[in-house]
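First comes the structure, then the notes that go with it.
Chain naming follows the written order as A, B, C, D and E, and within any one chain the residues start at number 1.
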């Protein structure tokens, strides 16, 4: 055994290795087969925060999917005679419940349409960098050696490259289309996953179960697919939710500089950026989209944290732990 | 330690070079700045002269060779816009960013350590939930929005702080507050995660068995161990601050390197852009080395080439470990 | 609240917040807004000066001038003026300055802006007499020369200078690059001493922040505000001689059909834009220059807003085989003026309503210049460029030469007939000149339609309660500190 | 490949199934100075068909490295491995896969060697994903899986459970079943029971014993628990600091140890002896095992040996056979002789015997 | 082993050998788990005497460590002591507040944790960690604490303590780390030392060194030692008395020689039978069939019923109490008498 002692900064990663010594037995409780199927949903219901978060995300997702169709052209219909209408004025119909913007468009409709744009930028951006960065990192960490070194240096380059410059250049040269924004955000965020995946994979490749697979003559790619990726995935997914937040913010910063999503398309970031000059006269223009960003990312993070624990066989128990207040004591069996 | 430094410097020099080359090439993709700097009715001849004078008609590698030739002579070129030495402009702007980013990071780390530790004491407790909610929300507010909001509330409505500009300590408050939130939010999560796992390590129990008070256990034993992952992330965040304070700098009129960079991009002021990028890249590179050193200072296990390990087991342990990030968030 | 009292500068200092830091203070670049706003008539002065209110030329360093031949003008200069460094001002200095700005290889901005390609012959006859000879007759040479800020002969003739010396009421004090710039009162000034001993300039790119600095008492004057930046009562409107318009590539389909260009004009709700985006401060425009500029045609009415008409014009054109479905790109420049993004979106929406296929593209300054100046971007189909044109000189020729001739640096369309009209107008003087340009503007609207005019703009300057200042049409380009006085 | 005639259970075949000659493995550890760590130093070893070779030694002496090298998880620096006469390191592609089938390993840690995210069935069937031809149909695999689970004493119905849901002993059975999945001829068992409780250990040992009887596999059984090795092994090799210092039959090594280290090892392991009245004297070795980065000159054991003399520091002792049996080999200048042992009176129990050889202290 | 007999501990009243120092009676520990609250330690009672070693013996997961942690007051947050008393030298520790207990941790009671490889804080030098107890309880300066630390290291036989005091834990081998942990536990001369599997992770040769160290320390200061292990042979060699645990319950106690010589509880006998020693090569070992019950599924009646060869109806209904058996032993089995009559164990 020449493994270094488990370090604090090592990520818990499935299996027995996570459980601190002495608590291994925690992982032992054997859930019956039956309750395994339903339990993910049940576990979710048990955690009020996670439930709320899931509801928020489902709502956001549905809005993004069906909202724009429902809104028709409401989001772009301008009315210069009714600009900056304050929110919660109920006389104007539901479309203006959150007020109107500086061109008299319905805030509700714009928020809804922006949901789709925002997600269609943030999700692919996160997805692409997640997939590329993770696979690359896993591969580099698994093979170690020169492949690892070169990969890490590339990550260094991207990390210390002024990402804004990259954005500005690409967006200036190739016009600020949503696809280009996605591309830039994806490329600049690859190192995040690359580094994490590499570290995890480098650690995993020395694990015994990987050695075991090698003794069968399993090919490296098969080992990566079977043993490394499933273990690394939860960590990377958690990371991805944090990144989701980052990407939305970055998109809004691009909008601030005028090179984000271009009108008449609208994203939350763009709405916040354009609404900033009305902060004193029409706060709702930037407040509501900002709130949408915050709520979505918080919900995503809460759910990711929950999911991470829920899908980890060795940590799952934490979720089901009764709260201290509500202990139902099992009456001690009378023995004498 | 020296070997380590030497190796670190050698291995980072190449990426550094690639960054600068990349910036050089990318910047030239943005087009010829002739019309920006020439009079409206400039003739073709004037354009050609301008292009030639600035060497923009040469193939890119010739331009690069010229540029690096100049760099070796410590000549970083002149600003197209102001005619000043590009190096002077970058060096002038840099301290402003550094001070701002440095102070911000310091505060973010201190606050995050306090809040994160507090949250970690009772995982999933009410303090944990609240702090994790607040920190996540903090990390997801667009900074420019926050900046303008801050100006509105603290400078205009309350009149406590100046709106912007550089000056006395009060001028620092709003920019720092704005920059602070994201690093703070992210770090709270990291510190909390690291503290939760640190607090469940056996050495915590060992400390308790010696009669150490809760305070001592947390501050002496858990924190020091939790510091390493936090340090890594703090480093990445600091890089982000140095590189990405543009928005805050331009709102608050803070004459930093971020603002200089974006201005020189917008003005196609290549020499200044390159000088600024080179400077930040070097600083990021130094920052990374400092973090490695700090990491080694915190945890002897990653101290490279220190004392010769005594036993065989130690030998394999003493390999410098790649820094790792702890992604464990509250549920 | 101690902080803000500290910040409220002493009565001796006027604090001004600009939209951006001057890239340089070089006098021959003073027609750049960001340089001129600091330099002109504060640090350096021209020979003659245009009165922004009356439009007349007032004497400054020159006491009088006359056209001594078709191509020659003679100026009589003051003899009691010294530069702030003590060197005397004389005809030699004036000649040197003109020569440096117009005839040199410095590529001064002012050269391109107010002078053509031809060089001037300048001659210092004696200390107080200066003659300027042009290649062809130039009736408005004194007006042109009002853009030349006089510098001493000690100024580097081969390179631009960042901090020049002038004859003005102020001299450059300290320039903390990136942070602030101060001007100090020039105690040897030949004219009346200004009220403030020091002028302190800062710069903020966000309009809301500039407005906030006025409301919070951190600045006395804030330049370039927008209607919603939050200056409230402290915002002063002034006509800034800027006009916004769409400039259409009339040679490229579908804009190559005049009906389509007319449709564009009909489709734009000018008063809707001025009233709701700019709260009535802007004025719907019918021509490139606003009132007060020589050549402005007061009889021209803005195109009426009539979507139906626009639609029918488009339909008509379509019936004639014009590919009206081809894409038209509205190109606008980020942050060019307040609410430019909103205005672009309105334009896009309204042109779309008229049945055109319109895209919007927001670009940065450098890219914008590629659309605005020759050589134009020519591979992107029909383009309607959102331009903001400011005629600081007060004469329509400056606008017309640039924007209306077939070869104008910023003109994408013209006709030979129109060129001839312009040529003829440029050498006319007095009321003839006025009439000639009035005709030109009318002709453009009837026959050329390169432009769809939107509005004559109104600038907003923020002014703290403790200063007196009345902005005028040139305030945005030339903020005369001497005109600002403290409230007693 | 299999040109060997009928296998025997004694392991005394002319051509051993697996033979190792001069195997050396160096690790390069980062750091200045001498950074070559010699984990295996010219190891000679052989295992016959159906035989169990016990391998004992202190932690860090290179047992696992040897096991890993045999499985080609590490590349040796020197020496040869012959499996039925051919060198697996020269194999490629199909042949390599074929070889992989024949040598398998069971790992020390039943927790770490099973992927927590797979089910028991998936784990056991994993080898077939690579060796697709072995059980080509789904049905064949399912049948074989069930069979394997029964062989190792697991309920086939538990195939869908994940490793966490099994006890340590059951997990080790999963590991054994996985090793059996390819029908190997040799199984290297790296401390297969040291993580298990006594009662479970007994179950696993019984299982291994049973399997060997039924399937005739050979074992290389690594352990530091002498009582276990004594129970399972036909022959024993004792390792110290990368070298095999003594080999012989189990009986020889345990009853008549020749190397002082072997003797110390026997003595140090506690005995469940409730009949004795006083705690017995024992050889408590001084100090720690020296760093393999910087092994002692001459005899590697000399720094802790009570018999060491000057020659031990200068000359590495050659392997010498016992006068009684040429196959009982030890590397020592001053081997413990039969006379030493005779001097120990009383019942010839290994530990009592060595007690009398207690270090001079 | 060092011959230095000078202890690093503060002088204190010597205990008389054999005096009862620790009395644990009826100790219950509950753990909150997803399945509800379960009993990890149930009604456990035992005594430890000054200068003697009590072995807590049992399979993995039977509650040995839990008992030790409960005694030391260092249970995980998910576990609580819900019944029973722990009287150490006249003081009931369970009645103290956590703050009051801090006073006892170190000077009265030392504990050596199970996992020597990770129990030391990796970021502090061993000197700092060894000196910490002195800094906490005696308010020594850093310097003085370091002197004490060096003394302790020498005491537990670490060569060149002066130069090694500033090394970090990872620079020590497992055996040395274990010694440092022991040194830490005995640094303030506690009356009671709990050693939780102090040698499980170590080699036999190192184990022998550590056990010798513990023996020496015990005889020097007459502390009571509670040795937790699942190694029967180790118990046989090192302990005076033994308490055998099964599924959270103590099933048998008594002097080691008697218990191992003639086990009264079928579980104890089963364990002894599983030892491979002396069973012929190739012969099957006797093993206890089945596996221990999960704690949340402990049946009514006897905890061992599912694996017991002697099981009867009564075992399924009534849990046998720990009854005295002879003068020095206790057993919890309905059939302890009958099991006694079975063939004596032939270890």
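Here, a contact is a pair of C-beta atoms (placed from the backbone, for glycine too) under 8 Å apart; a residue touches a chain by one contact, two chains touch by 3 or more.
If you want to know which protein each chain is, UniProt gives these names: A, B = ABC transporter permease; D = ATP-binding cassette domain-containing protein; E = ABC transporter ATP-binding protein.
Please read these numbers as outputs of a predicted model, since none were measured by experiment.
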Identity of the chain that, by mean CA position, is farthest from subunit D: C
Chain pair with the most C-beta contacts: A-B
Between subunit C and subunit E, centroid-to-centroid distance (C-alpha), Å: 90
Interchain centroid distance [CA atoms averaged], subunit A/subunit B, Å: 22
Geometric centre distance via CA averages, subunit D-subunit B, whole Å: 53
Subunit B-subunit C separation of Cα centroids, rounded to whole Å: 41
Subunit B, residues touching no fewer than two other chains: 30-31, 148, 152, 156, 201-202, 225, 266, 299, 301, 309-313, 316-319
Residue list for subunit C, restricted to those that touch at least two other chains: 206, 208, 230, 364, 367
Contacts with two or more other chains, residues of subunit E listed in rising order: 115, 118, 122, 170, 173-174
Footprint of subunit E on subunit B - complex, ascending: 201-203, 205-213, 216, 221, 224-225, 298-301, 307, 309-311, 313-314, 317-318
Of subunit A, residues touching subunit D in the complex: 1-2, 14-17, 24, 27-28, 30-31, 33, 207-209, 211-219, 222, 226-227, 230-231, 313-314
Interfacial residue positions of subunit A with respect to subunit C in the complex: 76, 78, 80-81, 83, 102-104, 172, 175-176, 257-259, 262-264, 274, 276-282
Complex interface listing, subunit E residues touching subunit B: 69, 72, 74, 102-107, 110-111, 113, 115, 118-125, 129, 132-133, 136-137, 167-168, 170-174, 181, 184-185
Subunit E - residues contacting subunit D, complex: 1, 59-60, 159, 173-176, 202-209, 212, 230-234, 236-238, 256-257, 260-261, 270-277, 279, 281-282, 284-288, 291, 347
